[in-house]
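Take a look at these structures.
You will see subunit A twice below: alongside subunit B first, and alongside subunit C after that.
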Partner chain A sequence: MLLTSVILVLREVLEAALLLSILLAMSHYLELKTRWIFMALAGGILGSMVYGAGIGTVSDTFDGMGQELLNATMQFAIYGLLLLVGILLILNRRGERRYLPLLQWSMVLAVTLATLREGSEVYVYLMAFRYQADLLQSVLLGAFIGGGIGFSIGALFYYLLVGLPRKRRLIVALTLLALVAAGLCLQATQLLEQADWLPAQSPLWDSSAVLSENSVLGQLSYALLGYEATPTRNVVAAYLCGLLLMTALLLLAWAKSRSQP
Partner chain B sequence: MSIRLFLLVALLSTITLVNFIAALHGYRASMEEAQRLFDRQITGTALLLAALPIDRTAPLVVEENDLQAFQVRSADGQLLMRSDNAPTTPIGDVQEGFSEQNFSGFRWRVYNHSAAGGRSIRVAERVDLRFRLADEVVLQSVMPILFGLPVAGLLIWLVIGRGLASLRQLASELRHKRAEDLTPLTLAAPPEELLPLVRSTNALLERLQASFERERRFSADAAHELRTPIAAIQVHADNLANLLRANDAAAPESLRQLQESISRMAHLVEQMLNLFRVTPEHYPARFEPIDLHRMAREVITELYPAFARRGQEIELQGHAAIIRGDRFALVLLLQNLLNNACKYTPEGGRVVVDVKQQEGVVLLRVQDSGPGMPAEERERVFERFYRVGGDRHESRAPGCGLGLSIVHHIAELHQARVSLDTSSLGCQQSPGLAVSVIFPLQVSK
Partner chain C sequence: MESRIKRWLLRTDPRNLAVAVVVALVVTLVPALPAQAAHPEFQLEIRDHLFYPSVLKVPANTKVRLIVINRDTTPEEFESYELNREKVIMGGQKAVIFIGPLAPGEYPFFGEFNPKTAQGKVIVE
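Now for the complex of A and B:
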């Protein structure tokens, strides 16, 4: 139980922690106040508990596919918010300090939604074991180890980004944002496949022997690059579309900001 | 970004990451070891069962604990013996070896052994047992880390605090350094990492000190060098005026203005020289017991003609008060305060000098019935060449803006405090000024 618990919690915590550290590093880059983070985390944690407690009701909608569809919608919404954050970061890259309230609220909403989504999964998982005293200790310990690894990687990742030379920091952060956002598209597509809104397909390849999803490195790659050991064609297409769209729009914004005096 | 917080979070994250990944590795290794151990155990049970002579028509049901189950079948598939928790249907794969299967509400690891005579022995063991053992092992190894993390956090916090103490000491020394104090920083045994910073700061302070010294010397030398030619010009102008008077010719207005300007310039040069003379860092003070009340009387007597010329009333109050001070500097202080009072008090006005000892200090207060000074100007008047209202001061009195700077220097030399307030001699239109100099009875030199 311990290993399952570690992997599940690590998967959820790492995704939110990496997103949080990228956005926090960008707040530092733009010299914004970081109080927003507490608001986003509090909102996300509270929301995840409410969502987790009402998961049965949500699941019963849309012919029993309500949870998958709502999660997919949230993933696409976070993708949209990250795209907006990326464009606003580019518009502020020379210290213009434009649209800062919009940028900050987009960050708050993105982190709130990510925490809500990932947190609700952890909440539902842990609540399932609350009456199983013999397993509870292992599950909680696993959750603690998974959470500890996730938060530690997030914290070190933040300091790594903040320590980068100022010129490179934005480029690196935008690249990471694009990769994380493409991973969100991939997950949303998987959820749509689970909900039978997209046809089920056989995997294009199986790379679990090279990099298992059940390893820490596998989970890190999943959170950062959207790594999937057995992806279907739809999932690969969604990942590439998400990545290309974001890259194209960010490049366009960059070109526009360069042409401005 | 706080260095302390950064180090705490980065170190705790690294410790957590390394320990937890090591715990996970330990878990996997324990799991594999448990797997091998249990596999050996059920293989042994299978071999033991294979060695039993069983020849029955009705299957023998043996009582067994909940954790293990077994079946023994004849070559033709007939069930010869089973544990009471095993089903009657065959468990496990047909092939020899290990497999996993669900029955009786649990997942089991099943070993299929083909014994002599074609008998098939299948021994099963609950999989969750193995996980529980591995969980137990990892729990034992991770628990101390979990409890140790807050302790490690606290220790790291304290150790970093200790490590940053020199930095805090340096910051405090810089914070408490007075603006004019350009002496080198003295950090007791600074750590290697701080040495370049201390050295650079001290080099900067040294350069600043040298530059201020050059400026001071230049101003003092310039004032000193100007003194003689100005005195000569003054003599020549007076001679010219005398000559014109001797020839019964009226002195032109321009000559009068020239004499006034020369006198102002001579005063300025004198004040500049006084200012640099009484700079606390360079003044060779000779402290001796002085009765400030008596000294005030002498200075008033010396300056009385100026007050009389303007029809002003001057009064000395108080009583004898002994302080340790430098005679020349204190006379200069009194002269400047009284000259200012005389200059800015209208004709027919009143000036009161009060000297008294009270509550461990000696108070010298010069009050006048002049126009006073707005509260917002009172800090700035101690700056060199600063005059309230600039050159357009409503008193129209000539001045160079150095008097109160000199007073401030001398007060500093005596560790005294100067404060400005409205005078008790003033009225609504003319609030007057009260300059108080509070001398400590003991001067540490």
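Now for the complex of A and C:
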């Protein structure tokens, strides 16, 4: 039970922790107050409980596809928020301090949604043990360890980003943000295929022999780059479209900010 | 060439950038209409954190409708890296998961909340 719980919680926490660390590093870069993180985490935990408690009801909507549709909508919403965050970061890159409330609220909402999307599954899992006192202790301990490892990886990542030379930091963070965002498009598309809202094809390739999704590196690449060992054509297209759209708009914002005195 | 792009960018109103973002989001967000084809149906049950049957044979290159009924009182998460599927199924609930089309082969799945016991595989042939 302990190990199951460690792995489950780590898997769910990793994605949100990496996103949080990128956004925190950018807050640090712009010298913003980092109080927003508490709001985002509180919102994420509260949201996890609400969504976790209602997930059975959600599942029954849309002919049993409510869970897939809500999760896909959340992934696309986070994509939109990260796009906005990226553009606002660029417009502020020389300390202009423009649209700061919008930037902070976009960060809060992105982290809240990312946390509640994964956290709701942890909540459902933990609640199943509430009447099994003999198991509850090891499950909670496992969850604590898993969460600890996840946030430690996030913290390590944060210090790696903050330690980069100032000139390169924004570029690296924006690249990571674009990759995470493209991964969200990929996941959302996969959910729409699972719900039969999008037609599915046979996988384009199978790279599980090279890098298994089940491995530690596979999980990290999944969280950071949206790695998928057996993606379908639509899933690859969604990833590329998400990546190209974000890159194009960020470049446009960059050119714009350069032209202004 | 570069100066032309620069000039174009300079002429562009910041509001156009916002419009571009909104348009792009709408295009990304609007999903395709649900496909209405009938798919062959297969059923799985979860009892005492075990899948019945634990081996499921489905036809190759066909999208199938997988119905998973959780007979336990506790929740389970149907999960498969090979099938690229994950779905939380509450105690006593019935879930529908579309899988495939798949090439012939073996595709393991498991219950993420009870991975030691809840294991099975889809055999595509």
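The rule we apply is simple: the second predicted complex is superposed on the first by the 230 of 261 C-alpha atoms of A that agree within 3 Å, B and C clash if a C-alpha of one lies under 4 Å from a C-alpha of the other, contacts with A are read in each partner's own complex, and residues count from 1 in each chain.
What we mean here is this: contacts are C-beta pairs under 8 Å (C-beta built on N, C-alpha and C of every residue); 3 or more make two chains touch, one makes a residue touch a chain.
Bear in mind the structure is a predicted one, so any value in this text is a computation, not a measurement.
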item: Partner with the higher number of touched subunit A residues, subunit C or subunit B; value: C
item: Subunit B versus subunit C as contact partner of A:T34, first or second or both or neither; value: neither
item: Subunit B versus subunit C as contact partner of A:L198, first or second or both or neither; value: second
item: Which of subunit B and subunit C A:I145 touches, first, second, both or neither; value: first
item: Touched partner set for A:L2, first subunit B, second subunit C, both or neither; value: first
item: Which superposed partner A:Y125 touches (first subunit B, second subunit C, both, neither); value: second
item: Touched partner set for A:Q190, first subunit B, second subunit C, both or neither; value: second
item: Contacts of A:T61 with subunit B and subunit C, given as first, second, both or neither; value: neither
item: Subunit B versus subunit C as contact partner of A:Y79, first or second or both or neither; value: second
item: Subunit B/subunit C common contact set on subunit A; value: none
item: Sites on subunit A touched by subunit B in the complex; value: 1-3, 6, 28, 137-138, 141, 144-145, 148-149, 151-153, 155-156, 159, 162, 216
item: Partner subunit C, residues of subunit A touching it in the complex; value: 4, 7-8, 55-56, 59-60, 63-65, 67-68, 72-73, 76, 79-80, 83-84, 87, 121, 124-125, 127-128, 185, 190, 192-203, 208, 212-214, 228-231, 235, 241-242, 245, 249, 252-253, 255-256, 259
item: Contact footprint of subunit A on subunit C as seen in their complex; value: 5-6, 9-10, 12, 14, 17, 20-21, 24-25, 28-29, 31-32, 34-35, 39, 61, 63, 65, 74-75, 77, 81-82, 84-85, 87-91, 93-103, 112-116
item: Residues of subunit B that touch subunit A when the two form their complex; value: 1, 6, 9-10, 12-14, 16-17, 20-21, 23-24, 27-28, 31, 131, 134-135, 138-139, 142, 146
